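One structure, pasted below without further comment.
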Amino acid sequence: MTELRELARRLLSEGTVNAVLGWEEGPRGARPAFVTTPEGADTLIFDHRCVHNLASYLSPRRPHLKRLGKVAMVLKPCDARAVAGLIRETQIPRDKVVLIGVRCGGVITDPDSTAPLTEATVADRCRGCPDREGHLADHTVGTAGPGFAGPSKRAQKIEELAAAPAEKRWAFWQSELEKCVRCHACRQVCPMCYCDRCLADKTQPRWIESSPHARGNMAWHVARAMHLAGRCVDCGECERVCPEGIPLGLITRKIAQVVSERYDFRPSDDPAVPAPVGTYRMDDPQEFIL
Amino acid sequence: MARIGVFVCHCGENIGRTVDCHGVAEACKDVPGVVHSVDYKYMCSDPGQQMVKNAIAEKGLTGVVVAACSPHMHEKTFRRATAGAGLNPFLCEMANVREHCSWIHEDREKATVKAVDITKTIIEKVKRNVPLNTIRIPVTRRALVIGGGIAGIQAALDIADGGREVILVEKGPSIGGHMSQLSETFPTLDCSQCILTPRMVEVYQHPRIKLYAYSEVESVEGYIGNFKVTVRRKARSVDEDKCNGCGACTQVCPNKKIPSEFDCGLGKRTAIYVPFPQAVPNLPTVDRNKCLLFMNRAKGRPDTCKKCADACAKGAIDFDQQDRLVTEDVGAIVVATGYQLYTIGKDQPKDNLKGYGEYGYGTIPDVIDGLQFERLASASGPTSGKILRPSDGKEPKRIVFLQCIGSRDPQKGMEYCSKICCMYVAKHTMLYHHKVHDGQATVFYMDIRAAGKGYEEFSRRAIEEEGAQYIRGRVSRMWREGDVIKILGFDTLEGEPIEMDADMVVLATAMRPQPGIDALAQKLSVSYDQHGFINEAHPKLRPVETNTAGIFVAGACQAPRDIPDAVAMASATASKVLGLFANEMLEREPTVACVNEANCAGCFHCERVCAYGAVEHKDIKDRAGNVVRVIAYVNPGVCQGCGTCQATCPSKSVELQGFTDEQIWGEIQALGV
Amino acid sequence: MKIGYFPGCSLHGLSREYEESLKAIVAGLDTELVEVDDWSCCGASSAHGSSHLLGVALPARNLAIAEEQGLPEVLAPCAACYARLASARHEISEDPQLAGRVNNVLVRDFKNTVRVRSILEVLKGQIAGIKARATNPLKDLKVACYYGCLLVRPVQVTGGYDDPEDPSSMEDICKAAGAVPVKWNRRLDCCGGGLSMSRTGSVVRLSAAILKDAKAAGADAVVVACPMCHSNLDFRQKAMKHRGAWEGDMPVLFLTQVVGMSMGIDPKTLGMGRHFVSTDSVLARTAGTGSGSGTGTNSAAAVAGEVG
Amino acid sequence: MDATTPAVAGGFEPRITAFVCNWCTYTGADLAGTSRLQMASNVRIIRLPCTGRIDPMFITKAFERGADGIIVSGCHPADCHYNAGNYHARRRFAIFRELMDFLGVDTGRITFSWVSASEGGKWRDVVNDAVTRVRALGPFTDYRKLVVDPVATATGVVPPEHVGKEVPA
């Protein structure tokens, strides 16, 4: 922690950056923070409660960032994939952000919780995560725990669903999607959902029915899954912020599995690695095409 | 509010027999926005078109739907009629109720229901159509011709004679192509060199042709009217400006035993060489893989030999010459890279090709191919025009020609007919009989395909007057016994197996595209078939255009072609190129993608999926001139209108004109329950 | 390894030595042959010449039994049996209508799952084993490998285990056994096939041409993998001589005998004495195998003389 | 009879929307017409320039609008008029199909095919097979009845577009 604070202080006092984006202790657990003065660096923390993917703040459409100019960002290995995605998709220039990598051995599900990081409390997406540090970082600080072994509970649930008959899956998803109130928190928190004007907000034509009934919800979540195919960095934020507790991670994870199996691709923290959708191979499998 | 006119065509009985056309017109009257709906016997006839024009004028239509045949048939017709009445032609669309309905269904009730659906779909589309305007692009009025064979030569000369500059790029050290290797040509038996050489010289001397021989196309950027081409001028190791073509260097070169490519391995050449005496340009080239000096350099040894440099009075030999890259701006490209012959060996360049095990996979020395025979028969060839066999230099008294070797054989991977073999085999038998008076030529053939002016007469002459023995059938096996080639075949007319001895066998092997054609096609973004032949845009109506606008194709790189075909195609490409160059601006269909600048998030997924490189980056600046956003811009000159960008765009900020999301949404809505 | 085995009539009659030598060598190659129960005619010549359905149904019956026995693959050493079984399998898999008709005839639920293997295909897979067990390599023995018409063709039926126009598996097997295959030209020519009795003249002409070519290439023996070829090339040598088409004696060996000799198996076990043209010259040339053990063959040659 | 109502006398007749590319499948369907190949009349074609233009949203919208089945068809690999649109579509729809399957949609309702301009016969087979398959699967009311309008359920007032439809309990 001292290492992190000292680095942040140095970057701010030397004027390398105008702000450091990290976490601080809030009234209800860890929360994201913008530190703009060298003194403020002492409020920065990093521990297993720092679950948020701060990359969503880097989107050029966030006025905070735009006003602040060049910033530094504290970066978990999983967040590095999101930053790489934003660089890949020309949303941020690499030289406009300083990345302070923190070594990470997993976070818990709920940033408000006081629970220690254990096999029981660890966030599902951290199970089986092989990355202890992000390769994209300019500086890397801290130490990491050993991490947690997979498989994740989601992977098990996906297997269970896949084994069930289609009607069972349909019933499961309808009972889940029915709950969606279209608050679009999943979209707002997603670092890879950065369009100025979302397809879901378009009225001419209206591809996605706006009323929150299961059919419109279906169209929305299909669109979201398709747009994130091969781009989702599996940070789990959509599922965490869903007020209705819809297991959105199952969908994104399932698509990630499909992309990995069919196109041998896994979200990378190297911006030079192209995304699988938008590229092709002449001999891509096509067993489903007559 | 839309004012749509619907015109239902009976197409005589073609639609009317299974679709209640009047019923369709009546049903469409109830669709909101439709102000006029009629049916007529023949909408495409003059009175039919006049009905459309009148309705546009009288009813003030804002859109026209013609329910008739496929848009591929008559869309242009009705758009022209629409434009004739003063309405933007892109406000007219066709509902296909013939090919997609009346012709494929017999149940009148069901067909009528479907025809109504189809028409309503298009009505909803047209309601959302907007007027579009033809796109205008500037044109660089210079052409690039790739390949210096007869097709490339003809194309270059025709374009240059038409008043435009031409860059002619040839891979080999000389232009002339395969035609320069031929002895005499069918069906007139005129000497190939005699008719070709003047054309080669003409190219060299033409003020508007820039010849890059021993050069290859490195990269191609841009689009119709505006290509930027980089050409690699390979190092000849000879200074072109200094060399006067005296040939002293080739005479002193110690390495004289290199199989000559020009003589198909039957003759020899030196390491510094001119491929043949009439070469254009008449410049020697150092084969760096065979030159002693370069072989030593490759092994890290000091330079030796240099005999050619010593012999050169002009000091033109330059062992340190490097490849040079030159760029040229052109507006059109003609691909004329020609062919190579299939070889029957066990190892084949592609997985789908197979060799001829039954002929010993090409291991019998006196079994040669057609081009090798041309070199034997050529007065300038390695035997000075005498027909002598490669193994022992004896004159073959029994010569056997086998047609369709590889061609027309799906098992070997080439199901197509190579087209020229029937004719050149007939020619070969004649040349043989003219040169070996006591010899007998025998031909094994599958069919004789002598379609062409004077062709049938020519092949009949070979048989009836010149005494070639034609056997309809295939040879199943061939082997060598002593100095004789044993042939086992079957005469399908006699219904009997044949065993015969031959002194020499000539195989009419299949024509294949040049190696590397796929790499070139990919540089040019033109498509090619499974054999590697360049695809024409339409097999009948656009035979010399490719799918990429501004790129044309001539000669045997498109399909097997003989000389008249190749020349005709070349002249056709020249006329296409000159037509394109007739105006300073080019007009194109407006079915192109267009970016909604306010919504574009600049993720450039569109750029990644665009096969044409049509998406560019555009800076959006504030008043002070600072770049605030970078968004996509679609170059309408490059865009071909596939719409992959729009389906990929997450925010739908790029729209394909003519197939917008709104139009398709309307069509889907129209099909609703 | 266990493999189904379809002997067919020839291996129990005309060319018993083929079965004897096959059984002798598979023991050494850790392979067990499981004979198809109650096998019947494969349908060669007579059946498929008279009725297409019968020509398919007969081999299908044998394959159906093998399927019921749970055999995934069946070896048919006789080239004609191999061709019939493999063709039936191919035709049934390509033509669902025919499959239905065959099932009606068989009154069995035949699923067509059994792979049919030729002797070349099976021994090709055992080359390492043959090499390892070649204790008595046939160093000096020059052999002309003769494929005939059915072993490697047509490629759609064989599945392409060897090049149909320029095969090499038999040469590879002989090489593994230590013999020296010669290069010759008539490896795939017709021997006259089943016309031995009805058109002896044709058989003599065709088979003599094959033998002459083998002799010109310097072969000590012709190697075959087909009872019919063997009979035409071996038994008909006397008739060839009689008609002035051939001189000399060319031993004609089964491929399995060549492999057996390389393993040092007793010539008698390999049935070397059952040939019409004496194999003594071959046995004499193979190192380590005493020519004395070939005495039995003389009597067979004598028998052949009587028959001829 | 309303012309848009499918003939129901003989039982359930599926409504199938086909999204096809202009150059291969649309032309192949034209060829089926010129060759007078008879086929089921349940398919309505929407013409796009290329399979690359086909958006998964088209399919969800068509299901919303009452389609019981979907056909997506374009040029064979290497035949694309636009060089690569079909390759991009192939990836897009490979993923989309797996997604639909995961969400519990019977993938038998969505047919993907390559039909070239010369394959009129194949187009007929694709159409007939899709119709037979979807007919066996029955109407896709599962999708349509997803609209459980909270207002409607609370007030018992059925929105006009649902009149005559099965309204879920």
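Labels for the chains are A, B, C and D, by order of writing; each one numbers its residues from 1.
In this section, contacts are C-beta pairs under 8 Å (C-beta built on N, C-alpha and C of every residue); 3 or more make two chains touch, one makes a residue touch a chain.
Owing to the predicted nature of the structure, the values given are computational and were not obtained by experimental measurement.
J.: If you tally the C-beta contacts, which comes out ahead, A-B or A-D?
T.: Pair with more contacting C-beta pairs, A-B versus A-D: A-D.
J.: When the centre of a chain is set as the mean of its C-alpha atoms, what distance in Å lies between chain A and chain B?
T.: 49
J.: Can you work out the whole-Å distance between the CA centroids of chain B and chain D?
T.: Each chain reduced to its C-alpha mean, chain B and chain D end up 37 Å apart.
J.: Counting only Cα atoms for the centres, state how far chain B is from chain C in Å.
T.: Distance between chain centres, rounded to whole Å: 52 Å.
J.: I need the residues of chain B touching at least two other chains; which ones are they?
T.: 609, 648, 661, 665
J.: For chain C, which residues are shared contacts with two or more other chains?
T.: If we look for residues of chain C contacting two or more partner chains, we find none.
J.: What parts of chain D, by residue number, touch at least two of the other chains?
T.: 55, 61, 78, 84, 88, 92, 144
J.: Check the chains against each other and report every pair that touches.
T.: Touching chain pairs, listed by label, are A-B, A-D, B-C, B-D.
J.: Touching residues of chain B toward chain A in the complex: what are they?
T.: Within the complex, chain B contacts chain A at residues 598-605, 608-609, 629-630, 648, 650-653, 661-662, 665-666.
J.: Under the touch definition given earlier, write down the residues of chain A that touch chain D in their complex.
T.: 158, 161-162, 166-174, 178, 199, 207-209, 211, 213-215, 218-219, 222-223, 225-226, 229-230, 251, 254-255, 258-259, 262-263, 276-282, 284-286, 288-290
J.: Flag every residue of chain A that touches chain B in the complex, lowest number first.
T.: Counting only chain A, the residues touching chain B are 60-61, 89-91, 194-199, 202, 204-207, 227, 274-275, 277-279.
J.: Applying the document's contact rule, which stretches of chain C touch chain B when the two form their complex?
T.: Those in contact with chain B are residues 163-166, 185, 188-189, 216.
J.: Can you name the residues of chain D that touch chain A in the complex?
T.: It is residues 55-57, 60-61, 64, 77-78, 84, 87-88, 90-107, 111-114, 126, 129, 142-144, 146-150 of chain D that touch chain A.
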